[in-house]
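One chain, chain A, appears in both complexes that follow, with chain B as partner in the first and chain C in the second.
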Partner chain A sequence: MTAIVKQALLTFLLLMLSSLAVFAAIRLSGGDVTAARLPASATAEDRELFREQIGLNKPILVQYVNYLGKVVRGDLGNSLTNNAKISSLATEKIKNSLILGGAAIVMVFGVGIPLGMLAASRRNTWLDASISSVSVAGMAVPNFWLALLVVWLFSSTLGWFPSAGQGGFKYLVLPSLVLAAEGIALTVRMTRSAMLENLSQDFVRTLRASGLSESRIYFKHVLRNSLLPIISLAGLRVGQIVGYALVVETIFGWPGVGQILVNGVLRRDYPIVQFFSLVLVVVVILGNLAASAGYVLANPRLRK
Partner chain B sequence: MITEAPLLDIKDLSVGLCAKNVAYDIVRNVGLTINHNEILALVGESGCGKSVTALSILQLQMSPPLFITSGSIVYDGRDLTKLSKSEMRSVRGSEIAMIFQDPMSSLDPMFTVGALLTSAAYAHQSVGKDVAEKMALEALADAGIEDPERRFNEYPFQLSGGVSQRVMIALALVNKPKLLIADEPTTALDVTVQAQILDRLKELSKNRGMSIMLITHNLGVVASVADRMAVMYAGEVVEMGAVSDVFDKPQHPYTTGLLGAVPRLGGAASDLTPISGRVPQPDELPIGCAFVDRCSRALVQCSTIRPILQVRGRAEVRCHNPVG
Partner chain C sequence: MFRRALENKQLVAGLALGTVVLLLGIIGPFIFGDYAKQSLSMTHKPVGTPGFMFGTDGLGRDLAARVTFGIRISLIVAVSVTAIAVIAGTLVGLIAGYVKGAVDTVISSSIDFVWGFPLILVAVLAAASIGSGLVPVILAVGMVNTVAIARVVRGEVLGISEREFVVAAKSGGYSTPRIVIRHIVPNIIPVVLVLSSYYVAVAIIAEASLSFVGLGAQPPLPSLGQMVSDGRNFLRLNHWEATIPGGIIFAMVLSVSLIGDGLRDLLDPRLRTAVERAVNK
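Entry: the complex of A and B
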C-alpha cells in the first residue's frame, strides 16, 4: 500500500515538474507567438495587445500558476491558432495516437519475440544471420529515412498501401511499421540472446533428463525465463514509440498527438504544446508503470 | 544371479571432443556394467571423464562439441547409442533418470515444484491432473521431503540446497525409473545434509530395486554407499571391482595413490601421500599408460603399450605392473 502511495506521489511530482519544464521551455525558446494568429499587416501595438490579452507580459511563474488554476477548474485553454477548445480536440487526437502506438507496441512484441525465437532456434544458420543483420539495420536506420523508403517502395512503386492519412487498416500498416521498426529490432536481438543464454542453463539439462520434449522445453520453460528481461525493458519501448510518434505522425499525416504537437511547436501555440506534451508524459509514465507491474507479475521471486 | 544380464552394459565407449581445429577423445574405451539392484560408484578426479560418461548414457552431453565416437550402451537389451531422438526422450526420466551436482541452478526458477514434477509425469504418462499431482506428492514424500503439500506450491528460490536436491530426486523418481544416475549429488551440500541424502538414495535403491550409478570424487561416500566401484583416470576406467575388494587390495598404482591421499582419523599428517604430478590433458596423452608419468612402478612397456582392462584376482585392472 505504501508503495502505491509513494508511486502516486512520485508520478504527481513528475507531472508537475515536466509541465513546468514544458511551460518554460516553449516560452524561452523564442519565436513570435502572434505570427500564427494575427495577420502579417498587424502593427506592433496590435501584437503587444494580443500578448497582454493572453497574459504573456507577466513573469513565467505567475503565468504558470494561473495556468494551473485554470487546469484545476477543468479549463485546458484554447488553441492560439484557431481558438478551438483543447478539451474538444483532445479525445480525437489521443484516440488516433493510441491506435497507432498500440499497433506499434503489438508489432514490437508480436513480431520481435517470434523472430528472436526463430533466430535462436536456428542459431548460426543463414536464417539466423539474415534475421540478425536485418535487425541490426533496423536499429541503425533513422526512422524518418525508413519512412521515406517504405513510402517509396510500398506506396509509390507497388501501390499496396496509402502513403498518408487515416481511415481503415490499410492506412495503419506503414506508419505503425515505421514506428515499431527499432523496437522490433531491439526485441529480436534481446529475445535471441536471452533464449540462447537460458538454453545453456543447468535447468534445461534437468528438463531434458526428465524426458520433456525439446519443443516443450523451448516454448514453455526457456521462453518463460527469457520474457523477464524483455518485460523489464518494455517501458523503454513505450518511451521510444512515444518519442518517434512525433516524426512518424508528421510524415504520414496521421492526425494524432504527435502531429498536433509538432505543429503547435512550429506555430508557438503555447496551450496546445502544454497540454499535448503532458499527454505524452502521462503515456510514458503509464507505460513504465505497466512494465514494472508486468515484471513483478511475471517474476515469482517478486510476486511471492 | 551371476548369469543375469546386467541392467546397463557399457562397452568400449569413447566420447570425443570435435571442434574446429581439435578432435580427441576425452572418454576412452570405457567398459562398465551396472547390475539390477546395485549401486555402482564412479570415482575419479575432476576432469577424468566421469560426468561425460554419465551424461552420454542419456545423450545429455553438450553436443556439439561432444560426440560418442565408438562403443555401445546397452540398456535392457537396447543399444541407447542407436536410438532416435524421440526414442531417447522416452527413455529419459522413465527408464533412466539423472540428478545433478548443483540443485539450486538445476531447477527452472519460473515454475513451482509441483508444476515441474507434474510436467515430468505428463512427459511419459497420459494421466489426468489429479493423478499427476498424486504422483508428484508421492515422489516428494519418497525423496524424504517432510511437508510435500507445502513444497508442492513453492518455487525453487524458496528452497534450501538440501531440499532442492530432494526435489531433484523427486523429479527423478516421478516416473519410477530402474536406474538413477547421480552426478555428484551431494558435493554442493552441507555435510549433515549430504549424509541424509546418501542414506535416502541407499534406501530407495533397496526398497525399489532401483540401481544407482553414483558419480563422486569422495572415497568416503563410496565406502559408505556403493556395492561396486570403478576408478577413472584420464578418460579410462583403470580399476573396477567390489568396493570391499578395491579398498582392501587396491591393484592399480593410481587407486593406491587415491586411497593414500585420504586422511584417516588418528593418522599423522606424514601418512598422507599425495600423488605427484598432474593429470595429462586429453590432447597430450602418452602413447602407453595414461598414468605412466606419475607412476612409481612404471616399467619400460608402460610408456609404449597401452594396458587393457583385465580381470586380476577379484577385480579388473588396467595395468602392466599392478600392486600385490
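Entry: the complex of A and C
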C-alpha cells in the first residue's frame, strides 16, 4: 500500500513537471497571438499592450500558475480561430474521445484475450498459426495505413460502415477497430504465451491428477493466473491509445481531443493546444499510475 | 555465421524486401526525374499509364518520382535519427548502469519521465512548440528512441557489471575505460543491434504518421505519409494514389521488423524476452 501512496505522490510531481514543460514548450512556439487577435493595422504599441493584458510578458512560471488557477476556476480562454469558449468545447471533445477510447480498450481485451486463449488451446494448428501471424502483422501495420484499408474495404467497397464522422454505433466501429488494432495484437500474443506458460506448470499436472475436467482447469485456474498480469497492465494500453488517437481521430474525422489538438497545432491556435495537450498528458500519466498500481496489486510479492 | 544467416528465413526475407525498397529509393529519383513537375492534363491516372509507371496524383505529378523520393526522405530520417539515438542511448545507458549511485538515479528518473509518453504525442507537442516540419519529428523520435535504448542498455549493463569476468577485470587493476570497452560493450552489442532495427521501424511509422496528419514533411517535399493522406480522398477514382505509398511504408516497416526478428534469433535467442519487453512497452 505504501508503494502505491509513494507512486501517487511521485505521479503528482510528474504531473506538475510535465504540465509545466508542455506549457513552456507551447509558449515558446513564438506564434504571434497579436497577429491572430488584432487587426493588421494595429501598431506595435497596441500589440505590446495586448500582450500585457493577457499576461504574456510575465515570467513563464507566473504565467503557468495563473493559467492553472484559471483552469481550476473553469476559465479556459477562447479559441484564436473562431473565438469559441474552450470550456464548452472541452466537455464535448472529452466525451467523444472517452467513447472512442473506451470502445478501443474494450476491444483490446474483449477481442484480444479470447483470440489468445483460442490460439493457446489449439497450439501448433493452422488456427494458432493464422491467429499468431495476423497478430504479428497487426503490430507492424502503421495505423493510418490500416485505417485506409478498412475504409476502402468496409466503406467504399462494401458500404457497411461510414468512412468518417460521428453519430451512432455504426460510426464507432471502424475508428475504434483501428485504434485498438495494435493493442489487440499485443494482447493476443501476451495471452497466448501466458496461457502456454501456465499450462506447463506443476499445479496444472496436480489438478489433472486430481481429476478436474480440462475445461475447468483451462477456464478457472490457468485463465485466472494468466489474465492478472495482462489486465493489470491495461494502464499502459491507455498511453498507447492516446498516442494513436491523435492520428486515428484525424483520419476518421472523429471530433475528439486528438483531432482538435492536431488541428490546433496546424492552425497555431495555442490556447486550444495548451489545454488539450494538458488533458492528454494528464490521461497518459494517470494511465501509467494505474499500470504501476495494477502491477503491484497483481504481484503479491511486491505488496508490503 | 554466414550460413546460419542464410538459413534464417526472416532475415533473408527482410533483407530481400529491404534491398528492393532501398534500390527504389536510391535509383528511382534519377530515372523518374522531377517529383514536382505537373502535367495538368494527366491527373488521377492509374498505374501503367504510358510515361507514368505508378500513375499520377490529383495535380498530375508522377507518382513514381514522388514515391521514390519519399522513400529517400523516409529512410534518411529514420536511419540517421536511429543511428544518433543508438550512440547517445548506449552512452547514457552505459554511464547510468556502470557508474550507478546518484548519477543513475538522475538518469533513470529522466528516462522514466520521457518513456511514459507515447511517441506520437511527443512529436505533436514538438510540432506545436517549434512548428511543423521534419525537425520536430526528428527531435521527438530521436529523444524517445534514445531513452528507449538507454533504458535497455542500462539494465543490461547493471547485470553484466556484476558478472565474474567484470569483477575479475576490476580486481586485476584494469582501468575503467578498458573494462567498459573491452568487457562490457561487446556484450551489449547484440541487444543494441536488434533494438536499433525495431526503432528504425518506429521512426518510419512516426514520420509517416506525422506527415499524414500534416505536421511532418511540408509540401513541396514529397512524403509517403502525406501522399497517403492526399490519395485517400480519391479511393474510388484511383486508389493507387494512396495504396502505392501506403504499401511502400508497410513494406519498409515489415522489412525492418523482419530483419530485427531474424537478427535476434541469429545473435542470441535469449534476447527474445528483453527485446519484447522493450518494444511492447
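We adopt the following convention: the second predicted complex is superposed on the first by the 234 of 304 C-alpha atoms of A that agree within 3 Å, B and C clash if a C-alpha of one lies under 4 Å from a C-alpha of the other, contacts with A are read in each partner's own complex, and residues count from 1 in each chain.
Please note the rule applied: contacts are C-beta pairs under 8 Å (C-beta built on N, C-alpha and C of every residue); 3 or more make two chains touch, one makes a residue touch a chain.
All figures in this text were calculated on a predicted structure; none of them were measured in a lab.
Peer 1: On chain A, do chain B and chain C fit together or clash when superposed?
Peer 2: After superposition on chain A, which the two structures share, chain B sits beside chain C with no clash.
Peer 1: Would you check which partner chain A:Arg216 touches, where first means chain B only, second means chain C only, and both and neither mean what they say?
Peer 2: In the superposed model, A:Arg216 contacts chain B only, not chain C.
Peer 1: By residue count, which of the two partners contacts chain A more extensively, chain B or chain C?
Peer 2: For chain A, the partner with the higher number of touched residues is C.
Peer 1: Name the contact category of A:Thr206: first (chain B only), second (chain C only), both, or neither.
Peer 2: first
Peer 1: Which partner does A:Arg224 contact after superposing on A: first (chain B), second (chain C), both, neither?
Peer 2: In the superposition, A:Arg224 contacts chain B only.
Peer 1: Determine, under the contact definition given at the top, whether A:Thr81 touches first (chain B), second (chain C), both, or neither.
Peer 2: After superposing on A, A:Thr81 lies clear of both chain B and chain C.
Peer 1: Tell me which partner A:Ser232 touches in the superposition: chain B (first), chain C (second), both or neither.
Peer 2: Touch status of A:Ser232: no partner.
Peer 1: For A:Gln166 in the superposed arrangement: first (chain B), second (chain C), both or neither?
Peer 2: After superposition on chain A, A:Gln166 lies in contact with neither partner.
Peer 1: After superposition on the shared chain, which partner residues are touched by A:Ile26: those of chain B (first), chain C (second), both, or neither?
Peer 2: In the superposition, A:Ile26 contacts chain C only.
Peer 1: Tell me the contact category for A:Ser292 with respect to chain B and chain C: first, second, both or neither.
Peer 2: neither
Peer 1: Which value, in Å, gives the least CA distance between chain B and chain C in the superposed three-chain arrangement?
Peer 2: Result, nearest C-alpha distance in the overlay: 20 Å.
Peer 1: Return the residues of chain A at which the contacts from chain B and from chain C coincide.
Peer 2: none
Peer 1: Along chain A, where are the residues that touch chain C in the complex?
Peer 2: Residue list for chain A touching chain C: 14, 17-18, 22, 25-26, 28-29, 139-145, 148-149, 151-152, 156, 186, 190, 236, 239-240, 242-244, 246-247, 250-251, 261-262, 264-266, 270, 273, 277, 280-281, 284-285, 288.
Peer 1: Would you pull the chain C residues touching chain A in the complex into a rising list?
Peer 2: Residues 113, 116-121, 124-132, 201, 204-205, 208-209, 212-215, 225, 228-229, 232, 235-236, 239, 242-243, 246, 249-250, 253-254, 257, 280-281 of chain C touch chain A in their complex.
Peer 1: In the complex formed with chain B, which residues of chain A make contact?
Peer 2: Checking each residue of chain A against chain B gives 201-203, 205-214, 216, 220-221, 224-225, 300-301, 304.
Peer 1: Using the touch rule from the top, collect the residues of chain B that touch chain A in their complex.
Peer 2: Chain B reaches chain A through residues 58, 60, 85, 89-94, 97-100, 102, 105-112, 116, 119-120, 123-124, 155, 157-158, 168, 171-172, 174-175.
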